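Remarks on the structure that follows.
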Amino acid sequence: MTPLFLASTEVWLDQLVNGLTTGSIYALIALGYTMVYGVLQLINFAHGEVFMLGSFAGYGTLVALGGNDLSGGMVAVALILAFLAAGGASLGTAVAVERVAYRPLRNAPRLAPLISAIGVSVLLSHLVDDGFLNGGAKFYPQIFPDGDIELGPLQVTYLQLFLMGSSLAMMGVLYWIVQQTKTGRAIRAVAESRDNAALMGVNVNRTIVVTFALGAVLAGFAGVLYGLFFSSIRGSMGFLPGVKAFTAAVLGGIGSIPGAVVGGYFLGLTETVGRELLNEIPGVNLPNQWKDVIAFALLVLVLIFRPTGIFGQKESKRA
Amino acid sequence: MPSPAARWKDARAASWDRLPSAARPLAWLILSLVVLFIPFFDDVWMRMFFLVALYVTLGIGLNVVVGLAGLLDLGFVAFFALGAYLVAIFDSPVSPAVNGTVNYWVLLPAAVGVGALFGVLLGLPVLPLRGDYLAIVTLGFGEIVRILLLNMDNITRGSSGLYELEKPAVAGYRVDAVSEFYVMIVIAAFVAWFATARLRDSRVGRAWEAIREDEDVAAAMGINTVKYKLMAFATGASIGALGGAINAPFIDFVAPQSFTLQVSINVLALVIIGGMGSTQGVIAGALILVGVPEVLQFEETANLLEKLGWLRDGMNTAIDGLNGLSPMNLAKLPPADEWGEKLALYRFIVFGALLVAIMIVRPTGLFPSRRREMEFAQTSDAELPAGGTV
Amino acid sequence: MRVRGHRSRIYLAFVAIVAMAAVFAAACGGDDDDGGSTAGFSDAGYKTAGLDKARVVTIDSGAAIKIGISSALSGDVKGLGVPIADSAEVAGDGVTIKGFKIEWVREDDLCTPEGGPAAADRLIKAKIVAAVGPICSGGTRASLAAFDKEGITHISPSATSGDLTSPTRAEGPYVTFFRVPVLNADEAAAQAKFIRETLKLKKAFVVNDTDDYGKDLAASFQTSFKAQGGEIVGTPEGYEKKTTDFKAIITKIKAAKPDVVYLAGFYAEATPFLQQLRADPDTKALVFMGGDGVKNDELLTGAKDAAEGAYLALPGGQGSQFAAYKSKYAAKYKGDAETVTFGAEAYDAATAILKALEKVAVEKSGKLEIDLKKLNEEIKKSNFEGASGVIKFESNGNRAGAIVRFFQVKGGKYVELPAK
């Protein structure tokens, strides 16, 4: 009997887990894009750098607390502090960027804030790369407990479990904030119509800042998870995850919070499981470097056949 | 009925009027000035001027797509790469797919044509998209092209690149010096400018602007939006390919690492900083974004900064004074000869800050086209940006 | 008879055409042979450089002799480029030529094909007499002609692509270009031999950076490894610079079940790769082999335990001058020269220029005259023991004699393995 697939079950399950972990990070970052786009119709190009600075703040905290020498219960404490520092740094960056580079342009022609955003992105990534790191990279302390869970052919390390679990928890908290709290209602109101929200007594400027802040905190958390998992961080690290996360947000339907989450996981899985699927076609053997082509080709296809994304509403068709 | 001579005069006047006033003599004047001044600059400067003129050409091309038709394109580098690779594949002795060489003057128009064709091919699927969706799809397209070039070893040699290109020859004379390539790119910039200026002031240009202002209204007025959007893509793409085809024999090393998103961002940024829709704007934008970072590396800049040594000494004295007053311990300024080096080192940081600063001070760009500026002045008070569902 | 004669003429014409086609094909085929050509410098080559006759540069009394350094001083490769430039400069510490001081002129080539010729032009404008660099293959290729046109001899400490010294032009290799590093093909052959004979392993999985260096090294390794009886398992997987996510590649490695993982790339990516490889229980103990791009102190500090046991090849030996280089470097830049990739090569490239200058510079009424032609000839004749072993050049500008040393990470340090 010939096997149904060329790749073994282990490979499929492994790629599934790989896709879900990368997808978790895309989803966390995508939430920031989608929320800012929802209230401002602005591609916050600097969001990748907000993520990057969060990652560096987490790195600094871990190193200050002992780096690779941390062990036992101290690891948990250090991680919590690193998450707090990262969230704080990202929040501070995002709020400052909004104040300096976006708010003065709120009534400017539509492309002006986009260019300003690109400027902030270039500025921040090169500030870290050229100003502080001399073009090098930093490596996260490898302090997370080793080991894995094996269920038959399925193999998941503790770190992967932690990454997937904590991202889901954070996304849950965000969803609760947006759906159940007063602040969340304000955000949704501003996204519906800024003018009407203002008339109803919503402080529009404050709400926009809160939106930036919420997205930034998630990006900062994602930065720490990214560092723990992939270890290498640098000034330009925000660019590709940033673009991918934006792709994820568009895939899910920009402006939609569940859309960003689903888009993130979908993109992560496409890059890993999707490539394996293509490799099942006889004569096709795509090495790893094709994964970005697959991701972007998927984006083009989705936008052609369903331009508003998976969860998109009519609104997103209008520019 | 007017006499034939008068009719001819009318027709001529009409076509002249469509150009910016006195454009043609002015164009020739500028071109001759540009060429006449070449002997006064060495290769280091000419290389900078070439780069500026190249980006002016690319900017003129992208301006059609972004400035006139209002289609935000973040994948412009793909067409630039296309033009360069078309020339390199047929003119490089190391090209694995093609043996022998094809005359450069055949490839140059071919690059323009292929550029237009790919512009239409890209345009077709993304036509229904608007605004930011278009931006991200074109960005993805640019990345796909770069990754394909990187991995199609049997055509492009991947990152090893294509090189030792056959130089373009004019009547047996090989174009080789930096200044000669500079003349080529300046001529290309003029051709691009002339063509787009004519298009802008024609029926096509008005259709583009109508689409940019409101696509639905434009369609309702009977404008075939599909046709005109494709035309905009094709025009921009062919100019991008033209720039690539001239750049290829100049840098003589065509490899995917030269065609990153950074190029698309640079071109877009210079179009917008200069002021969308205007050619002076593109030139100003290219000088600032491409020229200044290069000039920062020149020894003339370092020498100039050295002459300002007294300024640094004064400031250091002030810093000493401040340090005496409080235990701040401010660092002193570095010796003047290090300034140029430091500035060159941090040029990308300066670039980013410049983008933000210019957008905040002049969100319409430095030299907005008059028509756009008027539109902006009219709408800025009355039409506040609306909320998400609009 | 008449008919036969006619036929034979057709036959002759046919043979002639086939022969011409064969010659043409052979000539074309020669182009595809990367780095295989061993043609040396030609008279025509000296002519393009204007070095077929004396080309004298005069240095005024009190002025300094300028030597250029083209290296990556900013951007992504700065970490490699700045220490290389520093290493070249310390070779001139305290050196004067006939009472004239040495001035180093540094220009940033960004390690890109656009940056290379631009830096070359700036160096030429600064009136240098010779140069160290450029440091990357792409930038070097693009600037060969710019240096050649001015007759400026330049020595690259680190450009390793095979075909830089066998360009397709009719004049043959550029006579103004020399290089000190061991070529990728030689390094890969030594690595293949080491895996087969010392480690006695058979199945290798190849991972490479898609840049020029990684691709070239990986391709050479596959050829050599198969030639030595090894087997390449799975499909070689590529990654772009700055990649951090190697999980999908590791999944493929697990499926292919190799004896050894071979990585052709740089430490910035090898560090997260090793960490992710070691985090997976199935690949925790897999043998790892890397090249010169990987052997860097950053790997030890970044990867920590994950680097333990890794094998690394380092082309180039350590010559008697290494101690001198090391102490000068430590004194001026507070760094350890052992950790500088291509540092010894840069030191030797600069030394070769200085030694040649000493021989050819002539003092005339307070001014110094340097004939670029003689300088070029002296550099070609270099024969001294430097920091990276004996410096001698082949007839095409490549360095003669390739030494490759092997290291293993033990207890957080690189330990050199005894040569066989």
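Some points to look at:
Labels for the chains are A, B and C, by order of writing; each one numbers its residues from 1.
Keep in mind that, in the parts below, a residue touches a chain if its C-beta (ideal position, glycine included) is under 8 Å from a C-beta of that chain, and two chains touch if they have at least 3 such contacts.
For clarity, every value in this text was computed on a predicted model and none was experimentally measured.
When the C-beta pairs in contact are tallied for A-C and for B-C, the bigger tally goes to A-C. Taking the mean of each chain's C-alpha atoms as its centre, the chain lying closest to the overall protein C-alpha centroid is B. Chain centres here are means of the Cα atoms, and by that rule the chain farthest away from chain C is A.
In whole angstrom, the spacing between the mean C-alpha positions of chain A and chain B is 32. One simple way to say how far apart two chains are is to compare their mean CA positions; for chain A and chain C this gives 39 Å. Taking each chain's centre as the average of its CA atoms, chain B and chain C sit 35 Å apart. With touch defined as above, residues shared between interfaces to two or more other chains in chain B number as follows: 150-151, 345. Among the residues of chain C, those touching two or more other chains are numbered 74, 210, 238, 240. Residue positions of chain A touching 2 or more other chains, listed in rising order: 130, 289. Contact residues on chain B toward chain C in their complex (touch as defined above): 42-44, 47, 93-94, 96, 99, 150-151, 158-161, 163-164, 178, 251-253, 255, 257-258, 294, 297-299, 344-345, 347. Looking at the complex, you find that chain C touches chain B at residues 28, 31-32, 73-74, 107-108, 112-114, 117-118, 121-122, 124-126, 138, 141-142, 145, 161, 163, 167-169, 210-212, 215-216, 238, 240. On the side of chain A, the complex with chain B involves touching residues 37-39, 41, 43, 100-101, 104-116, 118-124, 126-127, 130-131, 190-197, 243, 246-247, 250, 254-255, 289-290, 292-293, 295-297, 299-300, 303-304, 307, 315-319. Contacts from chain B toward chain A in the complex involve residues 66, 72, 125-126, 128-133, 135-137, 139-141, 143-144, 147-148, 150-151, 265, 268-269, 272-273, 276, 345-346, 348-349, 351-356, 359-360, 363-364, 376, 380, 384-390.
For chain C in complex with chain A, the residues that touch the partner chain are 74-79, 82, 210, 235-240, 242, 244-245, 247-249, 251-252, 254-255, 268-269, 271-272, 275-276, 279-282, 298, 301-306.
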